[in-house]
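Going by the order they are written in, the chains are A, B, C, D, E and F; count residues from 1 in each one.
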Amino acid sequence: MTLTDLAAQNLLSPMVLFFAVGLFAAFAKSDLTVPEPVAKLLSLYLLMSIGFRGGAEVAHHGLTVQLAGTIGAGILLSFAMPFVAYTILKRTSRLSAVDAAAVAGHYGSISAVTFAAVTGALNQLSVPFEGYMVAVAAAMETPAIISALNLARPHRDQPASGNGNHVWREVLLNGSVITLLGALVVGMISGPKGLATVKPFFVDLFPGFLCLFLLDMGLVAGRGLNQGRKYLTASLGIFAVIMPLIGASIAAALAFAIGLSAGGTAVLMTLAASASYIAVPAALRLALPEANPAIPLTMSLGVTFPFNLLLGIPLYIAVANAITTPH
Amino acid sequence: MQTHPKKRIDLIIEMPLLRRITERFDKAGVSGYSVLPIVAGRGQSGEWSAGGQVSEVGQMAAIICIVDAGKVDAVLEEVFAVIRKQIGLVTVSDVSVVRPERF
Amino acid sequence: MTLTDLAAQNLLSPMVLFFAVGLFAAFAKSDLTVPEPVAKLLSLYLLMSIGFRGGAEVAHHGLTVQLAGTIGAGILLSFAMPFVAYTILKRTSRLSAVDAAAVAGHYGSISAVTFAAVTGALNQLSVPFEGYMVAVAAAMETPAIISALNLARPHRDQPASGNGNHVWREVLLNGSVITLLGALVVGMISGPKGLATVKPFFVDLFPGFLCLFLLDMGLVAGRGLNQGRKYLTASLGIFAVIMPLIGASIAAALAFAIGLSAGGTAVLMTLAASASYIAVPAALRLALPEANPAIPLTMSLGVTFPFNLLLGIPLYIAVANAITTPH
Amino acid sequence: MTLTDLAAQNLLSPMVLFFAVGLFAAFAKSDLTVPEPVAKLLSLYLLMSIGFRGGAEVAHHGLTVQLAGTIGAGILLSFAMPFVAYTILKRTSRLSAVDAAAVAGHYGSISAVTFAAVTGALNQLSVPFEGYMVAVAAAMETPAIISALNLARPHRDQPASGNGNHVWREVLLNGSVITLLGALVVGMISGPKGLATVKPFFVDLFPGFLCLFLLDMGLVAGRGLNQGRKYLTASLGIFAVIMPLIGASIAAALAFAIGLSAGGTAVLMTLAASASYIAVPAALRLALPEANPAIPLTMSLGVTFPFNLLLGIPLYIAVANAITTPH
Amino acid sequence: MQTHPKKRIDLIIEMPLLRRITERFDKAGVSGYSVLPIVAGRGQSGEWSAGGQVSEVGQMAAIICIVDAGKVDAVLEEVFAVIRKQIGLVTVSDVSVVRPERF
Amino acid sequence: MQTHPKKRIDLIIEMPLLRRITERFDKAGVSGYSVLPIVAGRGQSGEWSAGGQVSEVGQMAAIICIVDAGKVDAVLEEVFAVIRKQIGLVTVSDVSVVRPERF
């Protein structure tokens, strides 16, 4: 399957099209809204479904060296990417050091719905991927926050104030982190047999729930762009497209080294390419209150997420295919 | 009915900071408070709306606290210790209550 | 199948029975409530499901002359019925001209959940209908609003105030209109293949979601009647039952002329017979603020909707069967 | 299957594990929350699903003498258990008479989600049970409230105030009572044929919805314990574990007398062992406002519910198996 | 614009008692009231939050009622007939309105 | 703490008109406002409740706006240009704020 085919198939999938409907409605200033509690339900569902299914797969295949290696690679990516991002941002944009660190933290971490989208696309293409990738996703959520705080520390007026532990609690006990990890553990313990009892809900409905969630994401991303356009200088807009490609490239190299399958490689690339917009903003609002939360959110939700969804994912799949196909 | 003067403190603050603020209320020794949802608004940092949001970042909430006039300063001091760097809005107004002993 | 059989089968269906439970709870003043965000989720789901499935059917069968003709007939009905309704109302009721125009607009437009109910009934009876009828439904939502505004114009104190464009934006970008049309387009683009990926959610769950929604509709209709009873004069109550029959009759003639199937005829009749209670009230609240919104809402939701659900739909199916069966 | 096997299988089921995740998140003071409207949707779904399926079973098997006998036994249990509970509480705890009566009322009534959990466990074990047990559950909800009010009456300062009728309306028209009974009637009328049309929603999704609901219950129970710990004296904590065992024992004897199957016996035992935390608290808040609602809620939700879910249910199933197996 | 003095009555009461209270408002002859949700709070009986709750027991709601000063006592009397034994909080404050005839 | 007098404007208006009103706030040059949900109420046109509603017609929302006393008249004029024909309720009251410069 060529890249053009992949891109076309991706752009014609109901999920991506519903995202486009949401974007359109937001730009046209329609009053269409997904009620906030419903958006939270959709997010809860996606995290539970992703986590549970990943856990059940791990239970099925057992813990392997490759799993450990991939998790290690994920943690490394999450720790290291903020430094790359910060260096680029300080050279190309006029962001303050603290804001640059905050943005860098977002790009080191991951977006669960982008993960859901790539797994959805792979399922539709019948490309298998390592089930434990959800554990990798979970492991990549938080290390980037430490890096961001370290990057920001020398530039903060207020003393470190010793509430480091406080912040750590809040990061690790963030609702979305707990849901994903909790569901992962439930899946690992109850295994394929447990999954069978809840398959109609957590497996069969997944693409439909994803459509609803992406409609909402389109609305929120469109509104975020309407509101946050003022923060989107040319350099930040370009960064929001280039940084995913850089992340994906590093991830591709690591995946190749580990020997992941084509599907697994595409997932790791997508994780690296995605930017957080739930867990990291929440954590940084508490740990780095001087940073303006609207800047990274506009970039992550308004540019990087649509870019990955529309173009990035087929590209990563194509590249993953190319580098894993024996010549 | 006989009424007694008290103070009503109204806060509009970022939702992620709710817990930190209410901890300050406890510290200031208020007898209670109530949190009301806000669904949309506009301020210096632009417009926002809760609609469709998964995260609380950028969302606001309102806190109402009825206190004795003598406690107002203590509460304000605690509150401003937290919201110095954050978005937040505090007003104080006069109210009358019927049962003064509970505040 | 006789009319009595049809009516009995309809009245014994879970959907209609849950509506009755809701009505009962409202009349008995129970505190049972479907939370507002949940009601909005149900409505969003129904519109997405109806639109998507209709679009996929259109993609499957292609655009035909009959489709164009049926959409034309739908638009004509939506434009013309308000004039019929207005004439009747001005002769039989004491409504002000502006209120009569507002009521007329509601009856020219359609109710998406009534559409859902008739398609549910036809599915249960295994009666096929033209899949593009959802496009007809979408096309019938808004023309009636223009007619209502034209009917009201000579009787308004305030100058037309030149905000016609403003109103049009608000009507066409109404959340429920955008959702239905957006899902229709998504269905047309992603086609039967796209539908297959989301079938468990958008197709299999439809009857269940409809039960929940009808429970809520019963509660809301019952409460609306409790509150709005004062507006329901005898003449308005009778109108709310007669007007659907008039609309359905005109629609039957048009459907016969176009050569629709029995199922398609029943759907077009039901659309004509149904009265809006979401899109039109919202539009008129902005475009015709002098009108009392409680009058058309009480009639549409409190009388016409239950009438169509309980008795109208089996009647329209029976008539459609009769006029399309070759003698 | 031995009790240990049963207990292990129960503790490894996704439902129970998600409850544990919720408990953990609450104890760790995570900000994870299921939005309130979503919790209400989950409860609505569970009640509709339980009621509908029970009604369809009754329609299938018809009304029998055994059904009448079991409902009679249920009503008797609900009436009588509060007297047992009150006597114990007055001897072992320092609760005021009014608070003791309120707690007693909670333990006489039932918890719908505990009912859902035992039916889920039986389904997973492929142990059949009498479908009409949901009617028994519905019948057991309210009699305990009368007993509680009668126990409290001599100890109330305020005159009976003659609003007995008022209270009865509010109890019988309580949203959760209406939903369960309404769905039961819908299921009885529309029967297995009606059930077939909504099976994907009301049957296939049940275990998945139950997972979500139990995650929420874990969060709420955990927070309730954090908050209500001060009310949980040793004697009340012990009562909250002993009373279920007493109720289950009486129920086992009655079930044996009626000749229920192993599954039916387990269900009746679980119903007797469960304590209300929705219908009874709501009713008593209005009928017995002097009672502190936090005491019974903390006991019922914080201790008895987890006890039944984790240990009670497998125990009741094992006992039911033992006493119904011919020697 | 010319404004006229009125009174604003604010109640914070247990949600299960909402209907009983609003019936009292009707009895006291107020022209209207509005109910606002409360999502969390703290008081003498501890902290609570609406999150994840199915039942209304333990939840609170706010009622706002704008009335003529002459009606305040009647409203308070009706209200205190219900909330004597329950958790509830009542404040009265001064407001100005532009259209005095609707109250 | 030193406080400064400001005005609090409270609106209770039909939800479908929310956007039109907030546009007027912007026109009147207010520095910000917050929208709070209302879930039920009663007025001259009867009782209503948000429960189970899909549409916003008949629903109300509250808007709170803290402004400088000098801006009150401008805001009221803008607001009454929209709510003349609609259901709506406006009150003005006195509050104190700690940071006067943000209004």
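Everything below uses one rule, namely that contacts are C-beta pairs under 8 Å (C-beta built on N, C-alpha and C of every residue); 3 or more make two chains touch, one makes a residue touch a chain.
Source: prediction; values computed, not measured.
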| item | value |
| --- | --- |
| Length of the shortest touching-chain route, chain B through to chain C | 2 |
| Shortest contact path, chain A to chain F, counted in steps | 2 |
| Interface sides of chain C and chain D: same vs different residues, half threshold | different |
| Longest centre-to-centre distance from chain A, chain (CA-based) | E |
| Farthest chain (mean CA position) relative to chain C | B |
| Centre-of-Cα separation between chain C and chain A, whole angstrom | 41 |
| Between chain A and chain E, centroid-to-centroid distance (C-alpha), Å | 45 |
| Chain E, residues touching no fewer than two other chains | 36-37, 39, 93-94 |
| Sites on chain C at which at least two other chains make contact | 31, 33-38, 40-41, 200, 205 |
| Every chain pair meeting the contact rule | A-B, A-C, A-D, B-E, B-F, C-D, C-F, D-E, E-F |
| Sites on chain F touched by chain C in the complex | 14, 16-17, 20, 39, 45-58, 85-86 |
| Chain A-touching residues of chain C, taken from the complex the two chains share | 35-38, 40-41, 44-45, 48, 52, 169-170, 173-175, 178-179, 182-183, 185-187, 189-190, 194-195, 197-198, 200-202, 205 |
| Sites on chain D touched by chain A in the complex | 12-14, 17-18, 21, 24-25, 28-38, 41, 124, 200, 204-205, 207-209, 211-212, 215 |
| Chain D to chain E touching residues, read off their complex | 33-36, 39-40, 42-43, 158, 176, 216, 219-220, 223, 227-228, 230, 277-278, 281-282, 285-286, 289-290, 292-294, 297 |
| Partner chain E, residues of chain B touching it in the complex | 1, 3, 6, 8, 18, 22, 25-26, 31-37, 61, 64, 66, 93-99, 102 |
